[in-house]
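Take a look at the structures below.
Across the two complexes that follow, subunit A remains constant while its partner is subunit B and subsequently subunit C.
The block that comes next holds the complex of A and B.
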């Protein structure tokens, strides 16, 4: 690996180190509580929705939140330009964000892990080819690649998951391949090979379980990344399509009303910021807890 | 040293080719360009004619060959939205993007360096806490949220800066801060950690024992040692800016390559989008290469560790 890459990795490890110091004792707890409530709210969504997130009347358009002048408890966080209740929209948005984050990272981890396992264990030409492709993917700026793919696939929740997978699998592939290179030199793998176990069994039963911990940590660290990527695409209009209340999309749509209804912009912004922050804090905490040596993961 | 540089140049050349090949196949997998270039009611015969004109009826490997040969001559294809060569479009917009990027990095350095250095000098102090908050927010708040909030505060509430467009220096302020946000966090972090490391070395203890003034110790003794790390990080930030630039330029209608790409993506102008992807990746690889070489020149230890 190039020296610059090492520097970059060093650089990318320090944010987490910084956060670790910053968060003190309560940070992960707060982040965890926030995440759990977002997930619960996302899952329970329709059951607890105060109002309809998809329809409203112009009569009730652009109402202010309850703590501002002219606000009322019937719309706690106000309404948007079409009179839709913002709290309800944020709740549905939470569900969309959670689905995309979990599905995106899960698929990406599976794709990346498979490629990393194959490259690391088989070695030789296959390793070279797979790793060159991995490096090429990592060389393309994430959002640039994501936008290009989104332009081809078009908007849609499944398409967003496809795009985030295509953009982030390389992180997993590189990580897993590195771990496998290390593990396959260990004696118990040699023993398994001498015992004549088939390669498939060695890969899946002997190597894969030992990759799980770093994989889990990487996955948790990639969640924040995936959320930012997906909401950026939605913000640009090539991610989650209308009328779904994805937070990035809500933010983009409310920009026209920014002069007289700033709360439209602020609500999804806060939701997104807290969500990504919480994911990053939890990711760091998991890393510290299970694999402190994996400071280079990012 | 020469061997190391030659090795890195060769490695980068391979990366360039691989990136080009990967982008070529990605664009072929992700959709048939004919579908987007012709209206739905086009007949099969019309499609076939366009296919032949574009050379899409040929063997995929020969298409790849043509693609790479054109690329080697700086030909990125033709944008059908603008009906101009993509390379010309990019060159035309590049100065705007570069200007924005340089100002963003400048802001990141002007804010990040002093905060990082002071945070390292007085760990746990107020300034250290400010620095950490900056670092955390830089990583957790998406670029587009930063941009829109800045517009809300500085264009809508206080009416200090315009919310988009170009023309004067004040048009540059908000986009540059938005774009520099992430890098400011990264540089603050890096400045702090590399300065902390330098300040904890033995030679600093010696300097203190000699009774040198504190300012001399920090700036003349510790800082130069931290500088190499900070320098290369700054160069890498320049690469990472590409993603943020797409968002920033879209928010502020800044007529750079990022905005061009977003518009191209909407118009399904594949040649254009593909051109931006290739240029962004090539820039990243070349900046990485230059940073490595520069780093090796400044700090010979790098080459030694490479070799062993």
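The block that comes next holds the complex of A and C.
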């Protein structure tokens, strides 16, 4: 990728400072650390769980976090209305969120990229049909379409991944098609066609690797989108089902307590907010770094 | 190059019309292009931007942009019409019999693959060589195109090489499957002048060794005259004059050819004069003037030139001009 990057920038290297100016901000260390720790915590999950995330007693219900009056180190972030440890629930929730985000974006990228490659390379009627479908998908607000699909498929982690894929593949399809239209006119594709390689080989070997950079940027920006969509569905009761502590679901279940136990709402909200923010910051950085011209991905 | 093989045509283009549609309109960018190329012969196609010279090459290769298509005409390659055969049938012909060198070596190599992959892929695919054999042949090829430190270049990515090196690699790629026809579309335009001369010398040497026929496309009559056996001059989607290089340069018959020659500054001239540029712009395809398309820029245009388009008259010398009976150098005085 460094090679493609250098070529876009012009192979003659400019002074480092100039290049930094061109590429914008520095590497977002904080966002990166936060993301990595969420992923690690999500993966390690059960191994480091301080307490049971799924059961509690009413005796321990609605305890406050440790830094507030009446809090204790046994429940560092307090407990919810059923006495379950909030920290433990956030950790299990991190796992669900990470799985949905990565799987959702991955499947969506594969579906969208395949459609975009076919539409861009084959052109003609196939292109027209695929792109009109894509336009139609993009024209419907994400949440509305997601709600309709989620209502039809029912709750569940796999269903949420399906719904986020169905709602976001169009972004990838449109991006990839545009890139393919550009790349397929380049001489090295013509050279490969003259060399008599079959279309499949040209697509996979010469075109696909060259759309990888914008694809990566798009994927990192879509992670934040996917997390919000999944949490919104859960919040509305159409996403991840009880008793799984998905962050959006935690928000929904605790909103009745917002006046006298605000930490129930604040904790998952902070987790969710920081997660999405980190993904977007890293996505922005990737875009600036790899191609200052990719502004349309915003 | 025996006289016998020289006279056998490798490719014959017969009244080729290629059309392009843009903004709801369709017009011809090639208007009946005909020429032939014998085995081992080097044919130059010269013209300004938009004259149809690249379209001719792309039509032969069937690499036309989406908006363009061949409307009619035949392209016989070794006697087989390749203007209308299916992509499946065309693939082996393209892969093993035709090679192409492009204008810009920046974009003619895939930036993400090492030179080794790009050179060996075709040989492994079409000639069934093992990777080791293909690699050995790739090294040989790089040495033949005079790339220094060939082994190191094989392990490089395109961006690590200079423009001249990349173009040599591109030539090696085009020649890797021993094509019978090499199409070079302005292969030196993006290079430094010193590198240009080297690349031309290289092409000359390599194609002579293997008896490869060459279609050399350029806007520079100078380069073409240096390298080619025969030259076709194109204007507004037609060939307006076609002759052997010597005849064309010494006694141009078409006023356009004459103007092109005059537009080349003569570095050896005793007396330094301003070189003569051709006034005006070449016509846009789809907005051709009535009559001869060159008449608005032609110093010798008369009534008939504005009314009827002269057709290619093939009596020894092929020229499309109403006044082609006279060499235009003399005709300028006699007729004008």
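Simple rule for what comes next: the second predicted complex is superposed on the first by the 271 of 298 C-alpha atoms of A that agree within 3 Å, B and C clash if a C-alpha of one lies under 4 Å from a C-alpha of the other, contacts with A are read in each partner's own complex, and residues count from 1 in each chain.
The working rule: a contact is a pair of C-beta atoms (placed from the backbone, for glycine too) under 8 Å apart; a residue touches a chain by one contact, two chains touch by 3 or more.
On a predicted model such as this, the values are computed, not experimentally measured, just so you know.
Undergrad: Figure out whether A:188 sits in contact with subunit B (first) or subunit C (second), or with both, or with neither.
TA: second
Undergrad: Let me test your reading of the model: by the given contact rule, A:123 touches which partner, first (subunit B), second (subunit C), both or neither?
TA: A:123 contacts subunit C only, not subunit B.
Undergrad: Output check: A:289 vs subunit B and subunit C. Expected answer is one of first, second, both, neither. What do you get?
TA: Neither partner.
Undergrad: Which touches a greater number of subunit A residues, subunit B or subunit C?
TA: Comparing subunit B with subunit C, the partner touching more subunit A residues is B.
Undergrad: Classify the contacts of A:277 with the two partner chains as first (subunit B alone), second (subunit C alone), both, or neither.
TA: first
Undergrad: Can A:206 be said to touch subunit B (first), subunit C (second), both, or neither?
TA: Only subunit C is touched by A:206; subunit B is not.
Undergrad: Please write out, lowest number first, the residues of subunit A touched by both subunit B and subunit C across the two complexes.
TA: Comparing the two interfaces on subunit A, one with subunit B and one with subunit C, the shared residues are 3-4, 7, 11.
Undergrad: Which part of subunit A faces subunit C closely enough to touch in the complex?
TA: That would be residues 3-4, 6-7, 11, 123, 185-188, 190-198, 205-206, 209-210 of subunit A.
Undergrad: Subunit B touches which residues of subunit A in the complex?
TA: That would be residues 2-5, 7-8, 10-11, 14-15, 17-19, 21-22, 132-133, 135-137, 139-145, 147-153, 166, 224, 228, 231-232, 235-238, 248, 251-252, 255, 258-259, 262, 265-266, 269, 272-273, 276-277, 280 of subunit A.
Undergrad: Which subunit B residues qualify as touching subunit A in the complex?
TA: 8, 11, 14-15, 18-19, 21-23, 26-27, 30-31, 129, 132-133, 135-145, 148-149, 151-152, 156-157, 185-186, 189-190, 192-193, 229, 232-233, 235-236, 239-240, 242-244, 246-247, 250, 261-262, 264-266, 268, 270, 273-274, 276-277, 280-281, 284-285, 288-289, 291-292, 295-296, 302, 306
Undergrad: Would you pull the subunit C residues touching subunit A in the complex into a rising list?
TA: Residue list for subunit C touching subunit A: 61, 63, 65-66, 91-96, 98-100, 102-104, 106-113, 121-122, 125-126, 157-160, 170, 173-174, 177.
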